[in-house]
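What follows is a set of structures for review.
Shared chain: chain A. Partners: chain B in the first complex, chain C in the second.
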Partner chain A sequence: MADILFETKGVGKIYGTNTVLHDIDMKIHSGEVIGLIGENGAGKSTLMKLISGVEAPSMGEMFYMGKPYKATSIINANQQGIGMVFQEQSLVANLTIAQNIYLGREKKYSSAGIVNWGRMNRDARTALERMDLDVDPGKKVRDIDMATREMVEIAKVLDVVTEAAEGRAIILLDEPTTVFSDDEIQEMYKQIRKMKAAGNGIVFISHHLDEILEITDTIYVFKDGEETAVFPTKEADMNVLYEKMVGRSTTGEFYVEAKQTVPEKDVVLKVQDLSLFGAFNHVSFELHKGEVLALAGLDGSGNEDVCNVLVGQEAPTAGKILMNGKEVRFANSYQARKNGILSVPKDRRDEGMVSILSIEDNITISSWNHLKQGPLLSSKKLKAAAEKWIKEARIKCPGLKARISQLSGGNAQKVIFARALESGCQVLILNHPTRGVDIGAKQEIYRLIREMTEQGHAIIVLGDTLDECLGLASKVIVFRDGMVSGSFDCPVDGKPSQQEVVHFMM
Partner chain B sequence: MKNKWSEMLDTLSVDQQFVVKAENDAKMDKVRRFAPLILLVVMTAIGAVSQKNFFSWANIVNIMYQMSIPLVISVGLSFVLLLGSIDLSIEGMMGFAGSFVAFLVANKSNGNNFGILGVLLVVLIGAAVGAVTGILHTKARIASFIVTYAVGSIMAGIAVLVYRGTPIQVTDQMFVAISQGKLFGIPYITLIAFAVFLVGAVIMNYTAFGRAVFAIGDNETAAASAGINIARAKIKVYALCGCTAAIAGVLQCMRLKLGQSSLGTNQMFPVVTAIVLGGGSVSGGKGGSLQSFVGVLIYAELANWLTLMGVDTNMKKVIQGVIIIIAVALTVTHDRKTVAK
Partner chain C sequence: MTQKKKFSLSDYSQYMVVFSIILVFVIFTILNPKFISAYSLQNMMVEVSPLILLACGLSFIIYTGGIDLGAGAMVSATCVISGLYVTRFGNGIIPIMLLVGAVLGLLNGVIVTKLKIPSFIVTLCTQNLWAYIALTLCPNGSVAIDLQLRKTLKWMTAKAAGIPVIFFFALAAVVILFIFQQYTTSGRSIFAVGANIRAARLAGVDTDRAQIMAFVVSGSCSALSGAFYAYKQLSAVPTIGDALTLSAIASIALGGTSMAGGRGSVLRTAVGVVTITAITSGLNMMGVDPLWKDIIIGVILIAAVYLNSDTKGRDIIIK
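Showing the complex of A and B:
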């Protein structure tokens, strides 16, 4: 094969106490398209961030064209010949296409601080033609459609890296096809083949396995931050990919399955034909007392949006939500809580913790209305509630009055769980409850979830992995592209395999 | 790059490092919280050493009297700043409250004599207008500095309309008594201001509402996801701020026995600065009633000291500006992630 353009040796990344990427060896050859697949949180995007200079690796080495490679920023990586097209588009909508392509590189076109827009537009046209794009570079980005924006974004990156390392550049594409129609995807393939023929190395991330099989030469499979398989695309088929991606299932003991409750008859929450325009359509399900219901699906499949609607953060476009048989509508999370639905948010630090308040206040924040003495908060009641949960949830902390920001990830998460339990809400929505906590804390959280159902709470969980969804839930509903694609009963002795379910996700 | 942590890098696990760092942060935080108190002590010491009159009872009473109106303003404004918002309607509200109360109690312009009822009505209107401001801010989603500026402008305008161009002179006996009365040598106005402060402190520190304001100011998303009623809390905050601004306006009118729109002029920004001096933050989530008190006191001491030193008024302004910049620079968090806006 052609020579190696880029190589990682034992690269990894640690955030706080959490290893998200471990020991990655990857070789990108000249003229090669690499497909990178894995579940959400498998570490694909993290690796891309390390290569494109967004973050620095915590371990390992990288080499570019045989020399040790280090990028201090995206721009720095660009100047060396490595560019990335991000999942979320990064074009500035109120600038023109040309201004976006040369954003940060205007110097080339300016003298005495005055930019020669005509010359910039001419060069932009060349950059766009390289991608067979026939749009006016003087148009504002807000006036072009999403698919064209994506192509402009790629044209921009291609232009930057071509300038730095023509024919030996590395181009990273993170789910570039999400906004494309079938024809546009074909056009995209054509462009990738052109970049490839020029000798560049390309990394292509997608959840659509057919695309991966179509366009790539080599496939890397990631699982929980590790590289679980590497093989040439011609030796792969869908089933092999599914199998490698989900990996081995964890034992039932890990998920405390012995304590999984059988859901009771009473329906606590009923969702009928619920839709949110542009996010999910026609979703119906029932949630029973003592049940753990998992909503499985990839990022953007609609499962998270369902939860946002259930806690009042979004207003549904159509459909009904019934609590204990009565139709409800929430304008905000406060009304949802009043009606008995509370969520444990995904992003603990940004959406869950109030870091200037004490552990005690963070536990009781959703229950202040009950913990009063006359018009004032009762410090005795607050203390009693906090003490009770610190004991029950085994929260390790320096004291009730210590700030929650002093706690480690797992203990902080247990505080948020304690808050949900103290609130007395019937329905608890656990949005990625174990994200970013170590394995010991994970198990304690699973144990807490089992205790919640024993006490009669009904739980909706968005799991971090499919394995977790299956392990915890007594029923799994699978989302794909905003629709329910399948649903599985998961009794303790008859859990479906991950392979059976993953087909409905991708 | 080397810093104080570098030698611990290899001796501790990342887990242990996290604990060390969190404890250090907590310690630094404590130091920062005490910085305004230290500043107050230093300020007092400088005053005492350089001016022998500084510690005389007469001067202490004078300082307390000077800080009365700012203290009342600071009660409501502290809540607003805790949210990370601003209330620019305070000055207009003070002007309105002062003018309207002068119109209602015994005065030289008309036959009204509503006495204490008039005072209560004005304070109530202050709270109601504040609540409307809060509703416009939360429901119509108008940025706080715009909506409060507009409301302030409306109130200042109404103030002039009330007295139709000629400020009203107050003759009400209660006003005269309060403005001149003293208890143990402390003016009634100061005592009223301290009482308002105490009520504000209790609301801030011992009610669910007060604690919700802290939570919203620090992390509104988290407070919302915990099921706190954000809109209601914000409306209450503006109502409270309107209420204390109205009280400040009434007190101002008592002092001058005159009702006019300019009663509130240049009253708000010194208080914002004082609150920041005390450890508050205009971006929210920091400070508290005690911090505001210390800030207002520092500000009053500074002004008093400069007067005692016989510093020229314009020079005074320059010195005050410089001291404020230094003091605030010393007390704010120097975190890379913190954005100054």
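Showing the complex of A and C:
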């Protein structure tokens, strides 16, 4: 093959004590399209951030055109010839297409502080034509549709890197096709082939494996922050990709499966034909007492939106929610809690921890109603409740009155679990309960989940990985593009394999 | 968490109010030994009482992370209403004012929570309504309360065991507010809202109710404070509250309550009020031009917020 344009050797990233990316070796050749696949949180986006200059690697080296490469910022990376199209669009809606393309590079068009817009628009037209885009560069971005915006964004990055390193640039595309229709995807392929023919190196991330098989030359598979497989695309098919992506399964012991309860007959929560416009459609399921129900799916598949609706964060556009056979509607999470649904939120720092309050307050915050003596709160009962949970959940803390923000991630999460358990809510929604906690705390949390079901709680869990979903749940419902695409019973002795389930996710 | 023990003013900011009250009393006593005479202390007790009510009530809005810029104007309005209508209702004006204040606070609270508008905007606007009430009812400045009626109002500033009755009221209010803050669901929820409203909401706290409650409590306290000023001055004074918002917020900040919300205590606020009042009356006794008063309080407010500030030292980690 052609020359190596870009290379990483043993690159990794550590946040605090958490290694999110480890020992990545990747070679990008001139005229090569690399496909990068893996589950959510496998480290794909982290690697892109390291290459595009958003963050600095914690270990390893990178080389660009044979020389050591270091980027201090996105702009710095752009100037060297490496550009990234981000998952979330980064165009400024109030500016014109041309202004967006040359954002931060206006100097070229200005003399004595006056910008020559005419010349900028002419150049922008050239940049757009390079991508076969026929739009007026003077149009404001907010007036063009999402798919065109995405193409403009790519045109912008292509223009920046071409200016810096024509024919030797690196273009990183992080899920560029999410807003595209089939025709637009074909157009996208065409453009990628053009960039490739010009000699550039491209990295393409997508959850749609058919796209990966169609457009890439080499496939890298990431799992849990590690590179688990590299192979030429022509040697792969769907089944190979599924198999490589899910990798090894952890043992049942890890998820304390011995304590998995068989759900009882009583239906606690029933969801009927629930829809939220733009997020999910016609979702129905039943949740039984003592059951752990996992809602599996990729980011944006609708599973999280279902949870948001169940805790009153958003109002459904259609359908019914029944608690113990009675229809309920929540305007906010307070009403949800009153009716027996409480969540352990995904973003622990911003949504879980009531930061500057004490550990005691954080444990008891959802239970003040039943920790009273007469009309007033009882210090004794508050303290007793907090002490009980610190012991039971093995929370390591300097004291009841210490601020929750002083705790490590795992211990803080256990405090929030204690809050959910103390609340006495029948239905607990655990949204990524083990995100960012170390392996020891993970085990403790799994143990707490088992305890919850033993006490008769019904649990909905959104796992961090598919492995976690299958390990914890007695039933898994799979979401794809806002619809339920499959559902699996997961008794202890007959859990489906990840390969079987992953088919329904993508 | 690994933290180096480094000397930082912020570490001591929680004791700030204790330091400053001692410092203020020591300095003024040295400068003027009469400063701690029985007469002067009795005077000060009458002086601090309405401000304690105002500042302690306002504290709850600050706990939520909000602010009430119209607290002073509300005192003016309620002072005027009390002064003018006490002739009709006699001492019954006190419970009536509590109710009036609750309604005015409710108005603020409902606008803040239901229309989701920041409290500083809402109160910046509603304060003009309070000022309007005060000035239309008393267009020609203060109106003295009828001489005959004054006798029935005297008891408020009279002394029991050497302590003015009004001060007992203030103490009782502090105790009640402390119980509310510490031992009621609403009180605790108010702190939770200020600490992290998003997390509090997801934990199933009725955050709207907590915020409205803070405004209602503050409104009642402001109104009672207005009534007290009417009793104290024996007149309806439409400009009484002009400088009080500043004094109240300065007292709260000096007490170590975070302006970002989530922590603080009415006990500390009360001590802050005493400190601020001691400073102003000390300066008075020394014959300092009263025009300087608000400037000095302003400087104290800035210094206190700086020392409490969440933007430096350990607090940056915490909030």
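Everything that follows uses one rule, which is that the second predicted complex is superposed on the first by the 500 of 506 C-alpha atoms of A that agree within 3 Å, B and C clash if a C-alpha of one lies under 4 Å from a C-alpha of the other, contacts with A are read in each partner's own complex, and residues count from 1 in each chain.
The criterion applied here is as follows: a residue touches a chain if its C-beta (ideal position, glycine included) is under 8 Å from a C-beta of that chain, and two chains touch if they have at least 3 such contacts.
Here the structure is a predicted model, which means the values were calculated and not measured.
Undergrad: Following superposition onto chain A, is the placement of chain B relative to chain C best described as a clash or a fit?
TA: These partners clash in the superposed model.
Undergrad: Regarding the shared-chain residue A:S181, is it in contact with chain B (first), chain C (second), both, or neither?
TA: neither
Undergrad: Return first, second, both or neither, reflecting whether A:S284 touches chain B, chain C, both chains, or no partner chain.
TA: In the superposition, A:S284 touches no partner, neither chain B nor chain C.
Undergrad: Does chain B (first) or chain C (second) touch A:D361, or do both, or does neither?
TA: A:D361: touches chain B and chain C.
Undergrad: Looking at the overlay, does A:S110 come into contact with chain B only (first), chain C only (second), both, or neither?
TA: After superposition on chain A, A:S110 lies in contact with neither partner.
Undergrad: Of the two partner chains, chain B (first) and chain C (second), which one does A:S343 touch, if any: first, second, both, or neither?
TA: After superposition on chain A, A:S343 lies in contact with both partners, chain B and chain C.
Undergrad: Where does A:N76 make contact in the superposed view: on chain B (first), on chain C (second), on both, or on neither?
TA: neither
Undergrad: Output check: A:A402 vs chain B and chain C. Expected answer is one of first, second, both, neither. What do you get?
TA: Once the two structures are laid over each other on A, A:A402 reaches chain B alone.
Undergrad: Residue by residue on chain A, keep only those touching chain B in one complex and chain C in the other, then list them.
TA: On chain A, the overlap between the chain B and chain C contacts is residues 311, 332-334, 336-338, 342-343, 345, 350-357, 361, 365-366, 368-369, 372, 375-377, 403, 405-406, 419, 423.
Undergrad: Along chain A, where are the residues that touch chain C in the complex?
TA: 311, 313, 332-334, 336-338, 342-343, 345, 350-357, 361, 365-366, 368-369, 372, 375-377, 379, 403, 405-406, 419, 423, 425
Undergrad: Give every residue of chain B touching chain A within the complex, in rising order.
TA: 14-15, 18-19, 22-23, 25-26, 29, 202, 206-208, 211-212, 214-215, 218-219, 221-232, 285-286
Undergrad: Taking the touch rule as given, give the residues of chain C at its contact with chain A in the complex, in rising order.
TA: Residue list for chain C touching chain A: 1, 179, 182-185, 188-189, 191-192, 195-196, 198-209, 258, 262-263, 317-319.
Undergrad: Given the complex with chain B, which residues does chain A contribute to the contact?
TA: That would be residues 14, 16-17, 311, 332-334, 336-338, 342-343, 345, 350-357, 361, 365-366, 368-369, 372, 375-377, 402-403, 405-408, 419, 423 of chain A.
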